[in-house]
Every structure is written in C-alpha cells, then in structure tokens.
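For reference, chains read A, B, C, D, E and F in written order, and residue numbers begin at 1 within each chain.
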C-alpha cells in the first residue's frame, strides 16, 4: 500500500537532484527576499528585531509557494500524470508522496537556513530555536495546502498567479501561528501554544489535502 | 519600423484581455502579499507606517516578477517565438513591444492600486502621491530588466525560481530608490531626488534591456 | 415618534455624516449598479445567442456542407 | 472482454458522437478511424476511464469499469499523444521508474533489452531531452516491449517514427494479439498489423 | 537559389553529419530523409538560420544567409514541429495576428477563405484550445494557403493529419513549386507531391 | 427525465428557468419593502446610542452585509457539495450566480466596518481576528471567481470551483467565532438565539428588517444571474432555442 508512496518520493527526489538548480534557487529566493527588507526599510536594529518573525515567515511562505506551480505541471505536460492516474492504486497516495517530496526539497532546507538569516536580524538563541521549530512544523502544511491549489490550477494559463491567489489566503493561519510562536518567544511569553496549534494544522493538512488534491487532479485530467 | 512594436503590443494586449483573470490575479497577489505583512508582524500602527514603503515596494516587485516567466514562455512553447525570430525585422523591437505590453497589464494597474493599500498602513496623502508616482516610474524598469531574466531562463526547468534569483538582485536599485522616495516624503525630506534617479533607471532599462533580451532569446532558440 | 429635530439634523448625523452616509451611499450604489450590470449582461448574452442561432441557421441552409471540405 | 454500449460524447457544446458501441474479444484489435476532430482521442480517454461519458457504459470482463476502478486499471496499458517520459532522466531510468510507479517488476537487464529492441542501444545513458522527436517516442514505446497486461490502448502510436520503427511496432502489436491480448488503436497512417483479427470503427459522418 | 556547402552539425558531443551540401533551384523540392535522430530537424534549423552550423556555409541567391539576415528571412516561411498558434485566440485571429507580425497583408476575407480551405469552416470562432490535434495542425497550415514567399521549410508537416488533409497539403506544396517556389521538407510518411522536381537528401549512415 | 422526484423536476433547467423568471420581481419587491421599512425604523425612529452617538447607525448595513457575506458562502458550499455528489448541472450555476454578490457583500462589510472603525477605534483598519478572517473571505470569493473564470469548460469550472468552496468553507466558522476564540477589539454577538438581545428593540427590528432586505435582494439578483447563465450553458438545447426565437423577457 505505502510502497507507492515511497516509489513516488524516490522518483521525485531523484528528479530534484538531477536539477539541483531548483532547490538552490528556492533557497536563494528566500535569502534575497529576507535581505531586501533591511534595504527597503532601513537598518535600525530595534525595528528589525520586531520585524524578524514576520519577514522570515512571509519569505518562507513565498519561497514555498513559488515552487508550487511545478508540483504537478511537469508531470501533466509530459503525460506522466495520466499514467499515474491510471496506475492501480488510489491517486491520493501518489499525491501524498509528491507532497512529502516537495517538503523535503523546499520546506526542510528553508528550516535549516532560517536560523542563519535570523542572526541578521539580531534574534536571541531561544527565538532562533523556536523559529526553526516553527518552520519545520509549519512547512508541511504549506506543501499540503499548496498541493490542492496546484492541482486546481493545473493546466490553466497564468496558473502561477492564480495559484498564489487561491493558496495565500489559506496560508494565513500557518503564518499567524508560525510568526506568533517566534514573536511570543521574543516577548518572553513562550511559543508552546502556537507550536501545538501549528502541529495540529499540519496533521490536518497532511491527512486531508492529498485527497482533495487527488479529486482536483481527476477533474483536471478529464 | 515601429509598426512591428505596435503590432506586438496590440496582440499581447488582446491575449491579456482574453484571459483577464491573469491581470486581476496579479493585482490580488499584490493585495494579499501586502496584507500578509501586518499579519506576520503585528498590528501596531506606528510600526506599520514605518514599514509601508518597503512592504509596498517589495510586494510590487514580487507581483511584477511572478508574471515574468510567462513573458516569453507561452510564445516559446507553442512555437510563436521561432516565428517572431524569423520575421524580417530586428528581434529587439519585438521584445520592446512585449515589455511595454507587460508593463501595461502589470505595472500600470499596480500603480493605480497602491494608494488604496497605502491607506491600510495609514500613510499621509503626500506619501500616497509619491508612492503612486514612484511605482509608475519604476515598474517599466522592472519589466525591462525582467525581460532579460525571462529570456535567459527561457525553456529551463525551474525557470521561475531561477528567474527570481537572476532578476531580484538587479531590482534592488529600483527598490531602494522607489521605497526611498516614499520614505523621504514620510520623513519630510521630499522624494524629488529619488524620483529622478528612478526615471533615469527606467530610461536606461528600456533602451538597453530589449536588445540584451533579444540576444538571450536567440541563444535560447538555437 | 421621529427622532430628528430637522432635516439638516438628519443629514448631519450627529457629526458622523461622512461615515454614515459613506456607508449607506456605497451600499446604495452597489445595490443599484449590480442589478443594472446583471441586466445588461443578460441583454448582451441574449442578443449574442440570437445572432449565433441565426448564423447557424444560415450555415445549415447554405451550400457549405460539413466541415470536411479538405 | 471489452464492451462499450451506446456511448455519447459531448465536448464543450458540441456532440461529437452518440450511440457508439463495440465488443472486443481476446486477440482482437479495434482500429479506430475518423477524420481530424472526429473524437477518437476523446473515445480512447473514455475507454481508459479518464473522461466520464455523457451517456452509455463501458464494461471489462462483463463489469462496468467505473465499478472495477483499480482492478480495471491493473489490466490496462495506455499510451497517449504525449510520451510520459521525463526529459531529465535517461531512457533507462525512465523505463525503470515507469515500471515501479505502475507497481510492476522490471529488472535492469529487461529494461536494457527493451531499449535495445527499440533501437536506442548506445543512448541508454543520455538524458532524454537530447533525443530527437522520434527517439523520444521510441523510449515511450519501449514500455510495451515487456508489457504483459491484456489491454493496450494506443493513441497514434506511429507518429514521428521512421519506417523501420513503424514496422517493428506493428510486429509488437501483432505478437501481443497472438498472446491473446486486446488492443485499441488510432492512426492516420496506413499500417498493417501482422496476424490478429482487426475490427474497424469509424467515427463521425 | 538555395545552396548549402559542406555543412557539419555537432549536437552535444555527437557529430550528426558532416560534409552535407546541396543546391536547390526555383521550382524544386528538397526531400530530407533519414531515420529518427539522423539530424533532419537540426539541418532545417541551420537552413533557416536559427542554429549556427559547426562548419560550412548556406547561401541564398548567392549570398550567405548570415549576411543577408532580415533580407533572407523576408523570403522564408518556416513551419516547425510546433504549430505556433495561440490557444486562446480563434483560428481567424491567429491567422491575422501571424500575418501582421510577419508584416504581411492579409484581409479578413482571405483569412476566412484560407480557413475554409483547410476544412475549418464553422470553427473560425472557437478558441484553438478546443481543437483536436489534427485541427490545430490545420490552423498552422492555413498560413501556407496565401503564402507567396519563395522558400518554404517544413518539418514533418503531415503529422497528425488525416488522409484527406495529407492529399490537400501535398497539392498545395505542388502548386507552390509550380509557381517557381522552393521547398525543403521532411516526413516519415510516404506522400507524393504532384509535379515539381524532387531532390532527395538522405542523412545518416 | 426524472419526473418521479419533484426536486429533480425543478432542478431541470427547462422548468427552473421560467420559474426563476416569475420569482425575480417578487423578491425584488420584497427587498424594496423590507428595505424601506428597515431604513424608516433605523434611520428615522431609532434613538441615539448612548456610547456611539449617531455613528452606530452604520450597524443597519454593516451587520446585514456581514451576515450575508458569510451566509452566501455557506450556500455556495452547499450547492458545491450537491453538485459534486450528485453531478447536478444546476448546482454549479447557482454557485456561480451567487459568487459576485457574495464578494460584494464581503466588500461592503469591510467598507462599512472601516468607516465605522475610524470614529470608534480611531483607525480605518486593525489587524484583529475578525477583520482579518473577513478579509480572507473576500479573497476566497475572488479566488473562486478567478478560478472559474480561468477554466473554459463550464463543467470542469464547476467541479474545480466546488472543490475550492468546500476547502474554503472552514473560514466561515472562524469568522463567526473569532470574537469568542480570540480577544479582539471587534464587538461580540449581540443577537443570539439563547440570550435575549442586548439591544434596544427598535434597533433590533431595524436591523432584522434590513437583514431581510439584503436577503431578498441577494435572491433576486442571483436568480436574474442564473437565468443568463442557464441560457448560455444550455444554448444548444431545444428549450433555449425556443426561448430565443419565441418571446424573450
């Protein structure tokens, strides 16, 4: 049953490694967006410290989102998606595999990079730990919800922009809890509560999203 | 000579109108990204007012950038680009037409929408005027520079992310002068100087970018 | 029964005129413009469909037979 | 084995066909014909269950394919307009990955053998994006070499192939039929499939 | 008129061909042959100036096409693997826009007439994305109907066309040759072009 | 074809079209009546609020618009669920017909809220949970409109849009309960079924009448719109041809 999930993950990871440029570019996008803010806003450290959680999280969210259009588009264009839909197992499992693979090449590296960028904003060690934890916990939900959007906009012209339009509103809760966790740590309230809500969101998203996305894919393939 | 520029603009505008959803979506992307920041950062009006120029400009920049991958990609995929390259006139003029059309459907609406969003951040009337002006002046440069990036990444997998990687660093001057103009107005220094620099940037970009992009396109078509 | 002393009073809304009339005005505007747009869209659609129907009828009666005239 | 009853297809607001039906037994080939736009591709997509028909029903071994779902798809091999190969992967990797996703066994040796048969020996390790139009098509076709599933559905399989490759593919389909397989196929080229009973179905006026 | 001398083509690290040359006069058709991957598409892209040859030179009316540039392209009509049509536009709009971008005159009537000739009457106003594979190809081919430029370069123009359309296109190319035009073409299908002198060039061992 | 079930019979476009046509004037009339009554009560009769002065009168639009914006989304999600489960043609069209009005209601809620917030809270906009979630609702409406506009095949548009509606519907309870779940600046519910209303009864009646007006207005506009959509989508059926060649209204 879960053999297929593993197979999909393995294939997608191999493809991602074959074009490493993608992973690297998403990371650099993250770095650049985060670095743009001090440029646009000016260098006051107090101000920057206040901004840090929000800016880092918004950038993480945009970086995840940018790679979403290609979650299914490549497979759709070259006909692989049809073959996947015709394989003798539930399409939801295939989607689950693709979502996990997407997280492994987008969310995970972001989480590893975030503390380094956090240093730029003069965050405390505590806050950096919570930042990493919140991104680790939150990004799977981003990949999952994003999967629904990617499936809904599959094959539509201008899909990229439309996709962000659909997906960003749904990302807002993740953003609020994620940035909230860091913020609470910075102000000394403790990010525990926010982090558990984030974990709950992620579980819900991973349980539900693959099936919704699979339904959307079937519609797109008609 | 310029007949071809007009023809390209007319065709691209017609295509854009045929899929209005694109224009609208880019605008709403702008709105949503701008709205994300207060969510991530928290609602203090003083803080928000300081952020406003930076956030609005970064969002405008991202919104322009998101629609860039499709500047040439559609034409490339369906073979129209080859035909354009084979037409008996300099390819640079064709690119100029496409850049202008891109600005008309992306930069111009952004400039019109920006003041409304500025209200959310409690900006003064003066600052709103300068904000609109700076976006009007700066976005053609974004379209032009973006054209080079779009041409360079044409046909590459993961082009979208790679494109942002190439283009964002080049956008930084526009961002600095654009946000600087608004900032200077907010702090009472007057944004005149920044705005003239912005205008100079735009002229340079529009004169130079089409030819660079045309050269990149020829390489992509080999 | 009626709460206001004068019409001017009513218009002034106790100093909140801009806010109150801004709200009611926007609502009135939307509730008038939306039906007009819907009705216009309906008229356009109907005339477009009629034109198409006539064109189809002409095509059928005309000499052009089928789409296979390669 | 494969039966279609009274199928109707509507695309957009155009009815492409209605009342289409056929019955295909083991060892038979259904050759779908019709001019451009007659609805051949649409009919094939109905047969494989991707496009729900407006009316009518399709049965496999006597049961509706909608009910069979996974079970039907386990018996089906489809090859569409598109090649379903990844341009970044080599032909060899493509073959192996496709087999794993379809939950089939395919050893490295078998895959290499299949590639040799389609005339790609020496190019197993070149990323597919460097192959020519026809070579890409051949990679897609290599999947058929070791294919044991009974029902093949092929949409214009001969497109972009040179004369030698066309003859080879015709032979492969013939062998499949002789093993008792079924096939449904469209093509605008004149190709004759050696052996096997060929039924024809012509769509459109 | 069109001459190629000692052309050499290297893709990646493979030399596809070398020492290829030919000479084509008004009214002649060059029929490029070769198995899949022989380098036909690559050669065509050299002829139209999109792919610089590794060695050798191509001349049009005696001058190198690299020097002629715009002037050469004004005489050239190329039709590639891809259709170069916009899916959002209708066939009619596509034809008119293509003509404008090539800086040619094409009246609405002429365009409608061309579409009727390729059998798309009644579908002039349907966005191209709703057309079938073959119908899309026909829209692309409609450009040729009113085409007066002397040199046509066609890469597998018959792909996806049904029998009637193949015959029609062959006739069109024949007429072009009789008017004194030149054409370079590849195809894997057996098609015979009525009238006109056909030269053959076979690539690859 | 489904004469056995009454519901199905009305769901048949040919039956529903003229029915909708007959109902539109009635709902429009009711909307006008309720609206005039509500305005009379709310604007002329109701007394000044002791805290907010006359500014509170915005409530007579703000609350009905806010309610409608949530309710319309719920109704669209309901139609979407029906459409996806039973593959009925009409349900997708109903959702399509409601969406623009829903988006306008969400916009009105935001607009009137902003105009209310400036005098009461001193800011056009604050980022609290209710306001934010209402803004998300507007984005969801626009997302639905953009998605269905981007897909050309209407049946595919219906299905994809329906799926989006079902995913987005979680936002509605969040809007409604946000004032309870989070500590917000925005006022909590003052009308509830279990508690007796904490408002003066004239104000309450004015508000309820205005709510009814908005309700009737929405139904009238949606019916008008669905009639156009019906004609467009069913243009190849005989009944539409008859409708077009015969008298049309």
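Quick note on the criterion: a residue touches a chain if its C-beta (ideal position, glycine included) is under 8 Å from a C-beta of that chain, and two chains touch if they have at least 3 such contacts.
This structure is a prediction, so every number in the text was calculated from the model and none was measured.
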Practice problem: Any chance you could name the chains that touch chain A and chain D both? | Solution: F
Quiz prompt | Fewest hops from chain A to chain E - one hop per pair of touching chains | solution = 2
Self-check item: Chain pair showing more contacts of the two, A-F and D-F
Solution: A-F
Quiz item: Taking each chain's centre as its mean C-alpha position, how far apart are chain C and chain E in Å?
Solution: 50
Practice problem: For chain B and chain E, let me know how many angstrom lie between their CA-based centres, rounded off. | Solution: 37
Exercise. State, to the nearest whole Å, the distance from the C-alpha centre of chain E to the C-alpha centre of chain F.
Key: 56
Quiz item: Roughly how far is chain D from chain E, going centre to centre by Cα mean, in whole Å?
Solution: 30
Self-check item: Multi-chain contact residues (two or more partners), chain B
Solution: 19, 21, 25, 28, 32, 39, 42, 74, 157
Quiz item: Which chain D residues reach two or more other chains?
Solution: 12, 35, 37, 81, 87-88
Quiz item: By residue number and range, which residues of chain F touch two or more other chains?
Solution: 132, 139, 142, 146, 150, 153, 235
Quiz item: Mind pulling up the chain F residues that touch chain D in the complex?
Solution: 153, 235-236
Self-check item: Residues of chain F defined as touching chain C within the complex
Solution: 43-48, 53-55, 57-58, 61-62, 65, 100-101, 104, 107-108, 111-112, 115-116, 118-119, 217, 220-221, 224-225, 227-228, 231-232, 235, 240-241, 244-245, 248
Quiz item: Taking the complex as given, what residues does chain A use to touch chain B?
Solution: 19, 21-22, 25-26, 28-29, 32-33, 36-37, 39-42, 47, 50-51, 53-55, 57-58, 61-62, 66-67, 69-70, 74, 157-158, 160-162, 164-165, 168-169, 172, 175-176, 179, 183
Practice problem: Mind listing the chain D positions that touch chain A in their complex? | Solution: 48-52, 70-71, 73-74, 76, 78, 80-89, 93, 97-98, 100-103
Quiz item: In their shared complex, at which residues does chain E touch chain D?
Solution: 11-12, 34-39, 41, 81, 119, 126, 130-135, 137-138, 156, 159-166, 188-189
